[in-house]
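What follows is a pair of complexes built around subunit A, which joins subunit B in one and subunit C in the other.
And now, the complex of A and B:
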């Protein structure tokens, strides 16, 4: 702010003043008129094209690969495959390992979500509604698993679970997934607990409500959206979790991401990887798109952002 | 049943017991296991007591190269994606037709896990991927460009930037929205144009958010395993990949735990900076 005092800003004519509304009227050759930093249609169209190409082309290429006809190879100089078939989809889904991985993933995700809700609720209640010494430390402990790189967590947890005879077990897999999901659950539910005004609770008690009434009429309805939002994210992060599962439970248990990883390694199997990628991404996108319609923005940004 | 303790202590006990399921779970499975890795780095196979021999053993060119490589990946990804995210944030402050559509399109990479993003981009940039096919068909290049598994980490950088632009935008836009609009109006009324408003009002006030986004992307790129493993070169290898190979392929916990400790300490430094910055953000709703 201080620097503004130093450089005397030239006072512009009111004509040159830009308001958000006059962007709509921005001429095609705005840059010739010497108006700096004026957004106009052409810039927006360029941004649209750039975003569309950079986001969609890689996705499109993978979708094309999943439908390539194995009898007509797709190679140089063809930019698009010459023939399409459902062969790879049928082939991959016929593999026992793919169906097993899908089943494992979709069993682990709801269990992880349930475990996260049960473990997170009491903690979130305390973090959201009570004042006590060491609260900052508790919040820091909840933040740490989000920032700590997965590889060190995976390796260290793998060693610990090995000592507890839990590696390569389903319980170990759930512990790993819960560790990834629980910080998001605690943070979203804590936010909802914090948002309940104390006056509402005090008023309820003044009007003669019992503890049970307060929980039933105030806490549960007001906290439920937070639990739902947290649940969306723990479910999706459990589906997508790779490195911890890979270290702790593979090869006994394979989930969709660890299977995908096996297609990407030394034997790069494009077609299989394309099919499995689509299987992995679509449920997450559908759930999040639906959730975005129903949930408040702040829950989504705290979960999306992975912060 | 009444416990023979004072009311204040009972309250404290209650708080402790309620914290236990969540924070206790994290403390037991996360903090204790990381601590054992750190402690392990001061122990050697077959030798009692504590020693720093592992560190001196590891201090070799390949290890230093790995550290530098990881730092390079982190910095280039963090600032590379900021280069796109910041202008897009300013664009999104304007009203225009199709803004909501553009907003949803930009967000798509957020929905895509790192492993899938790696596959998508590697598949596109690979020597026989679509990009090289198109460039060769247009006679712009003779031989396929080596964009993945290259020693400068260009492939890794592209994947990280692709994935992290919307992530950074989410943080920066949240902070920009919390800026008091009266300040922008005041600057406008004093005759500042868009550029001056951006430079003297919006950027300084959203600086904590910008720095938080840079730090978070840095640590994700620095500590990410899948992307350098699949899109990185044979040498130098990123720290997370080094840790993984030393432990799972060489069964060398001496080296692995030292690399792990380096990653843990780097992450803790980032956490310290992050919590400092997050306090400066108005409302602090990012913390």
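And now, the complex of A and C:
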């Protein structure tokens, strides 16, 4: 934003040839010196192309594959399939294992989210409102599960759950998802706790509220946007989690991603894989879009006075 | 609607003593201002009264009942915060209703008090708005209504006007004063703005470094400051060093000072040879010839301010600040007569008691 503004200045003042900002930009991108405006445009186009090729086109291709008519093959040099049908969707949804995986995923995700909320609230309250020695370290430790490489967490957790006789169980699956999902929740909820001015809390006590009242009437409503944002992260994380599920719960419990892996691996079926991946991706996109709208509205209505 | 007594209050934060043995007695229905620079302990005192801060020593009594161990939510105080501290997720009405809901006041009674409070502060029609949809002045009214609706024994204000612009601030302080008079609630008001303190209070408590410097009516603390700090903090002051030369009448003395002989009136008992510090307000210095305390000076700077003119006049090598209405305008370099009445110069400090004892021998 800022660099864009700076870069536009020379265009607005063509007479003013030398500006200190030019030197700054020109230092790193010396070859673009004198044409900074064009440079920012190039960047935008590059990012756009990147998103298009890495996200949008694969999804589009998956959508197309999922609707291919099995009786009319889609092959080179056709850019689009010649004929569409719902055959693969019906076929996949008829499979018992697909429905089971979808059910498992959509039961595990809300439970993981709920467990994360319950566990994160007290932690976030302390991290966000209290002063204590080693708070910085505590905040770092909370983030460790997402700092550590997934495979490292998965291997050690798999071993641990195995010793506890919890591998290949649904509880083990929830524990695994919660462990890596909870840092996101703690992070966002802590931030919302931190954002509540102490004077607002003092005012509530001053007006006769008990500790319970303050939690119920002030803290909970004010951190709700944070819980919601964190919930979106943990829900989508749980839906799309692969490595932990694969090591801890497969083959007893299959989620959509582990099922997708088997479609892409042992029994490669592009059409089935396409259907399953859409089932996996679409809820995430919908949740994100709804969340975006809800969060905007919620944050707007919770401006903290003039602060 | 309570008398507030503070006895020997002490509060330390680590090595820093925020309140140093403070005692204060505030009458029922009185409007008191705690005035002082930042870090003087005024806010700490207010928060101790509300119960947010536990004092290290001393007692706080409401109507002679000790409240030290009563938590803030059980004390009959209501506070208006500097940031207003409105609940952002509640409408104006819910904000105002919050305290009554907490105290479980019955519905009809609560409704009645809420609508009275809303009308009192002039927020009728805005009940359904959220705080962020209100202007600063309106938010401030909500904060006041939210405190008033509780019908507290003691109303506490923590620099409530510091976030408003100058015009609105002047308007609101008169409104707060009128409301308090009408409702006859004991009020304690913290500010660092001396003009606000003078306008709003029955009595002003001037604090510095955790210690009360002077308590008095606005006219007293302005006209009869008891220390150089008070004279300087409230308004502006010219300080002149002098020595007692002669007793003229029971309360009138002649001083020999750095700018010449000055006749002053004081209730202090002075002795010949006492060294004193005099304070004269810039607006009490008149640029005309008087029968006494008249000095010759030259104007070094002149600043036109519209409603008054600010001069610096050099008298016998000392620069004096003079504020006069702009009726007669002098220019820089003009030679002028400077005059002030004996009752307009105040002794704010007496120094060197030893020397006065030797002078007697």
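Going forward, the second predicted complex is superposed on the first by the 238 of 307 C-alpha atoms of A that agree within 3 Å, B and C clash if a C-alpha of one lies under 4 Å from a C-alpha of the other, contacts with A are read in each partner's own complex, and residues count from 1 in each chain.
What we mean here is this: contacts are C-beta pairs under 8 Å (C-beta built on N, C-alpha and C of every residue); 3 or more make two chains touch, one makes a residue touch a chain.
Quick caveat: nothing in here was measured; it's all calculated off a predicted structure.
Here subunit B and subunit C are compared by how many residues of subunit A each touches, and B touches more.
Shared-chain residue A:232: touches no atom of subunit B or subunit C. Contacts of A:291 after superposition on the shared chain: neither subunit B nor subunit C is touched. Of the two partner chains placed by the overlay, only subunit C lies in contact with A:213; subunit B stays clear of it.
Applying the stated contact rule after C-alpha superposition, one finds that A:123 touches subunit B and leaves subunit C untouched.
Of the two partner chains, subunit B is the only one that A:61 touches; subunit C does not reach it.
Residues 301, 304-307 of subunit A lie in contact with subunit B in one complex and with subunit C in the other.
Per the touch definition, subunit A reaches subunit B in the complex via residues 1, 3-4, 9-12, 16-18, 20-21, 23-24, 36-39, 41, 43-44, 47-48, 51-52, 54-55, 57-59, 61-62, 65, 75-79, 118-120, 122-127, 130, 132, 138-145, 147-153, 155-157, 159-160, 175, 178-179, 182-183, 186, 191, 240, 242-243, 247, 257, 260-261, 264-265, 270, 273-274, 277, 280-281, 284-285, 288, 298, 301, 304-307.
For subunit A in complex with subunit C, the touching residues are 197, 199-200, 202-210, 213, 217-218, 221-222, 300-307.
Remark: subunit B residues 12, 15, 17-23, 25-27, 29-34, 36-37, 40, 88, 91, 94-98, 102, 105-106, 108-116, 118-124, 128-130, 133-134, 136-137, 162, 167, 170-171, 174, 187-188, 190-196, 198, 200-201, 204, 212, 216, 219-220, 222-226, 230, 240, 243-244, 247-248, 256, 260, 263-264, 267, 270-271, 274-275, 285-287 touch subunit A in the complex.
Here subunit C touches subunit A in the complex through residues 50, 52, 71-74, 77-79, 81-89, 98-99, 102-103, 130-132, 136, 139, 146, 150, 163, going by the rule given at the top.
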